[in-house]
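What follows is a set of structures for review.
Paired with chain B in one complex and with chain C in the other, chain A is shared by the two complexes that follow.
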Partner chain A sequence: MSSKLRSSSPLTWLIDPFSPTEESARSDFRPGRGSLLWIVPTMIGIALLAVSAVGWSIDPGQFYFSYLVGWAFCLSIAVGALFFVLIQHLTKARWSVVVRRISESLMWTFPLLLVLSIPIILGMHDLFHWTHENLYDPADSHYDPILAGKRSYLNTPFFLVRMAVYFIVWCTLAYRLYSLSVREDLTGAVDIKAKQRKVSAIGLPLVAVTTAFGSYDFLMSVDPHWFSTIFGVYFFAASFWTVHALIALIAILLQRGVGLQKIVTAEHYQDLGKMMFGFTVFWAYIAFSQYMLIWYGNLPEETIWYRHRLEHGWEMHSAALLIAHFIIPFWVLVSRGAKRKKAILAFMAIWFLVMNWFDIHWIVMPVHAADHAAVHWLSLSCWLGLFGVVFGSVMYRLRRHSLVPQNDPYLSSSLAFTNS
Partner chain B sequence: MIKEITTQVKSTMSIFEARKDRLYGVLAEFSDPGDLYHAAEKVRDEGYRHFDVHSPFPIHGMDKAMGLGNSKVGYITLIGGLTGLATGILLQWWTGAVDYPLNISGKPFFAFEPSIPVIFELTILFAALGAVAGMFALNGLPRPYNPLFYSEKFHSVTDDGFFLHIAASDKKFEIIRTVEFLEGIGASYIEKIVDKSSED
Partner chain C sequence: MSTTNTGDARELAVDFHGDEPLISGDMSFHDITELVSGHTEKRTPLGWLAAFAVANIGLLILVTSIAYLFWNGTGVWGLNNPVGWGFAIVNFVFWVGIGHAGTLISAILFLFRQQWRTAINRSAEAMTIFAVICALVFPGIHVGRVWAAYWMLPIPNQMEMWPQFKSPLLWDVFAVSVYFTVSLVFWYVGMIPDLATLRDRATKGLRQKVLGFFSMGWTGANRHWRNYEKAYLLLAALATPLVLSVHSVVSFDFAVSVVPGWHTTIFPPYFVAGAIFSGFAMVVTLLVIARRIYKIENIITIGHLEKMNIIILLTGTMVGFAYITEFFMAWYSGVEYEQYAFLNRATGPYAWAYWTMMSCNLLFPQFFWIKKLRRSIPFMFVASIIVNIGMWFERFVITVTSLHRDYLPSSWDYYSPTIIDVLTLIGSFGLFFTLFLLFLRFLPMVAMAEIKAVKPEADPHFYDHSGDGQASGTPSLTSSHSE
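On to the complex of A and B.
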């Protein structure tokens, strides 16, 4: 057994910073065959992104908005996974150890997302109204005193600096947590658990602040006149909600041939289901808090945002969001039996992924097409293309290391975990 | 018929009825929680249904060992929550739009937007009260009188005693065979319990 964690080649560093260690995994935890699980999504993803590139040449404005929706969707997964890992370490969680490697694999999506953000930076002029110079010239007919007042924050150089800071924070923490965990697989060093907790204690407030500001910059500033201080929490709720669904879905997929059989049991699925259920309510709570305060305050500069989402067909999207993002998942997942059945949980996990995308689409797209609600085919191709590539990279990483943190001191508790 | 049903319901709350001859059941003591746990499994497998275990602290997994199945408290909580939901809607609508309509900064007399917090809080309140009340009811609590208190030995249950009680109302109960069975599974002490109360 080699006991040193080696970096991978610079070419694959973006996908997985470490060379494979699966050979040192115990046989129960060693990933089996199933290379189709990463090749197929990656291929579909690349094909759909190529199709989207054709769409860009036809309608660049639509492409940029659709791309932003798909990219923010993938970002919400990565952010959610990072939060998941941080919180498991900080709470000394035992139940989740068997699925932690999946979330660790998910959180190394950040470097890839940074590369995939290039079209957004190129399309900033189309996406972000505040990038237009003539808004700030008092002599110009387009002069906007409100945006002029926000200019010290909403300007391109500062936006790029902030974006760099977010990704430095996210990538550093993800790298640190991922490397500690994979190193523990090899060496079993006893001080790693404490180090992970320390990194998490420093990391959680940093990720909380960067996630909030990231959501303001990437999603809220698409409509630069509008503001909502709870928006960062809203994005967190959506991220954390989605990541539990995706972890459950990946575990179910891996159990179809790759591994984790008899390791992830109905007990763990029930806990993931509980979190999915709980954060369904949390998301609705936050979404409603934002809506109710704006409704009650009744200030035109705030209500206009909802006005846009309650007319020209967008009211159907708003209603669908209430029903399919809250009411249906609530009633499906309220029972114990549903959380313990893989088929129902897998169905709901896919449902969650679709609804999270629909939620972000509802936030972003009315800015581009305020007067006709529609789901453009580019929105679908960009979303599934980006998610395909991201998902493929996650499955690729999972196959290169032990499927669970095999030397984690809490692993045996996690394996024996039961809901009483 | 009704007496039969109430007897059955009460037995699910561990409230068992004494036999005509006042025999309440057999009490057996075990030396430690592990013994009690395995004894409960054996009593369950033997086919007894009217039995209960008593220990100074909760024993993990005992519900499974006794074959109790999942708790029904969740359903009571759900009913409580739905009652609270309906109460909240009714309260907001009736006070705001029917009984005492007041125009406050041009807002509608009744609308869901400002009413949701009240509806939500009442849903949570009723669900929580339902959960607590349901827990008490399904456990048959509070229960100030229990024929087991006639046993001197049983007093140690709040200190270091681990007891299993098979009720005389069980269909399989037969005093000699039940005592023999309890001896067979390792009870360190066995006592017949007679209900000396003068009710009925």
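On to the complex of A and C.
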């Protein structure tokens, strides 16, 4: 079975590790024929990345920072989706079975992200101040004793090794969980549920550690002097927050076509909306904890990070984050009705995606442009370009398999799920 | 729905993979009522009296050591110049932490539709309230001039004396008292249908009157249930942020300062995880004994205990990861004071406490990866006690190791507790067990109405399959007062 399932060519493996199985999907679960949903975003994405490449030739420094923001945004989606799948299996969740295939499709973004990380590796000298050799030469005027002390961690070879480890962990787990689920579609083997739980149990601590250290490496070390122990939790909160929005958005998009009709109902949207609401508060809690403790402690080596984000126009970004990442979603999503109306939920889902990007932009960009806050057009083109390609690949994968894990033993509970 | 007709074949698979039943032993609604109510109605068992006597000795020790403290002042404790916070703060944080499981179980697990919570929520909430009472003792007796303890509250007065609003110690007063109030209200509201059941079964006048007063005229009417369930959901939603906020505020006591080892941003979520960890361990300790003595093994099943042990494994690992993160980040920060604080924890004079904490909290719970051990009563009992020893030491390590070697080496000192410190800690367990034993004796220790609602018979369609077509209402609505 497994040999037949596996995709043959390495290029398709990158996009989807399996050969198409939608033929064996029951008619209700068929993804439908329309291909606009993947072609349009992919085309827009490629076009925007091509434009961004032009931007690179004009201002490579800006390009690398903008690219990192867009890439980290896509990474947060993939990490969030992986957490989502792990947690659904571990808690034996029933409500979410009808949307689980969407999250499984999202988490196979990792291999593509690894390929898309090449510009970041090429731009490490611009992105990561700690790659500069003269910082470590005591004779040099740029000698930095603090960074010299961190050199055994922050150095290019070890960075690449760590990155490889993260992606091996993420890709392996995503592959195991995705292949078990797709295989279950075909065979309905009864032992698959137990295997998924086992992989998830082993996977959860691995993903927690790699996500935390990944966030230190890709985002925190952009400002190599600064440190915050909660940073990994912050990145997790943002990722998990975003992925619920994106799952809801994709389900709504699919329902505009022929897929998932009467399968994902207002009940499931309400649950996704609850998680979106809950993690709005959780993100705010983590963001507040980090800010308040640093503000109160008032130690210069910590406050400088916020100092940069509270002057030269960045204070507007900080305020916008508070209002648009927390206060507005909180009040919109607090009501039951808003969570059950597709139009409102879809609007908020897009809002969440924008705000998650804005959050990562706020983390990264002040390092590059401390003295003039602005959203460079390259930041938009890199972000939407990368997201277009990633989103197109997700929609492409969804077309090739049943839209729900059709043989999951909890599927009937999920289909019949109500909130009352 | 067009897809449900494909569900029949799946239904079998659900059974195959389904959880073990929440209530075992084929108990009817009436059996549940009899079993749970019976314990509050029969004559006081001798074993309970013996346990109560022991707990009272503990309480006496607490009262005596506090009286001794009041007479002599805080000099009777082991505090010294750099270590101005000792056992009192450690015990305070320890008890507040214990008090986290109850509200997590009753509020957060309720919102996440974890029906297994119904077997344990009542006793866990009771435990929460008693643990918070124990916790509140310590800041109260730590103020030095106890006759002015009410100054902790912002009470308007002629002297224009106000507490320091910038101090997290004051935030603690608000956070813990709000938590206590909401937990108490939540616990009480949840108990009203059960109190009405006890009232309806009561035969003596006084018992009827007291229970009648506290059950607030509950008749089990449809309208009562509607209001009740709405109130319960709202209280759960209000209590959920409190579960996170209380221990976050407790962590601010440490983290807003610039003491190395205290000032670290992960403290709020890490304290919350630790609190849930220790709280669940305490629930396991108590329920392993209680379910045996009160013969409620069919209600609090091995399956429930296993789920709690999984949460202990999860939160223990989270706490352990936080320890490692702190350690890594202290090194990564390049701040020599931070680096020293953590090195000193692991290798300095208090290394014994640090490694006790590490092995009890991070390493020992890893045994729960093994299903057999998760379901072994003797093992989980030992493990739950080890976890709480570890969590007490965590607070000790945080408080004492960071203080005893501060920025000024000339004032470095070694802190050791006095006998009064130790007796106060032991005595606080006396207070806790006194209250918990009173709860077991006089109140329904299991939420009868709620566990009836998670039995398969409570499903409105349950009797449809058997074909008698009679009972299509919700049995839980009528069961609590008619039996």
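Please note the rule applied: the second predicted complex is superposed on the first by the 413 of 420 C-alpha atoms of A that agree within 3 Å, B and C clash if a C-alpha of one lies under 4 Å from a C-alpha of the other, contacts with A are read in each partner's own complex, and residues count from 1 in each chain.
One rule holds in what follows: contacts are C-beta pairs under 8 Å (C-beta built on N, C-alpha and C of every residue); 3 or more make two chains touch, one makes a residue touch a chain.
All figures in this text were calculated on a predicted structure; none of them were measured in a lab.
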item	value
Superposition on chain A - do chain B and chain C clash or fit	clash
Chain B versus chain C as contact partner of A:411, first or second or both or neither	second
Which superposed partner A:336 touches (first chain B, second chain C, both, neither)	first
Chain touching more of chain A, residue-wise (chain B, chain C)	C
Contacts of A:262 with chain B and chain C, given as first, second, both or neither	second
Which of chain B and chain C A:299 touches, first, second, both or neither	second
First (chain B), second (chain C), both or neither touched by A:232	second
Segment of chain B intruding into chain C (one of 20-28, 56-64 or 182-190)	56-64
On chain A, the residue positions that both chain B and chain C contact, one per complex	292, 296, 298
Chain A contact footprint on chain C (complex, rising order)	1-4, 6-7, 10-11, 13-14, 16-17, 19, 111-112, 241, 244, 248, 252, 255-258, 263-269, 317-318, 321-322, 325-326, 329, 332-335, 369
Residues on chain A engaged by chain B in the complex (per definition of touch)	288, 291-292, 295-296, 298, 334, 336, 418, 420
Contact set on chain A toward chain C in their complex	26, 28, 91-92, 145-147, 149-150, 153, 190, 193-194, 201, 205, 208-209, 212, 216, 225, 227-233, 262-263, 274, 281, 285-286, 289-290, 292-294, 296-299, 301, 407, 409-413, 415-416
Residues on chain B engaged by chain A in the complex (per definition of touch)	60-61, 63, 70, 74, 78, 105, 107, 113-114, 116-117
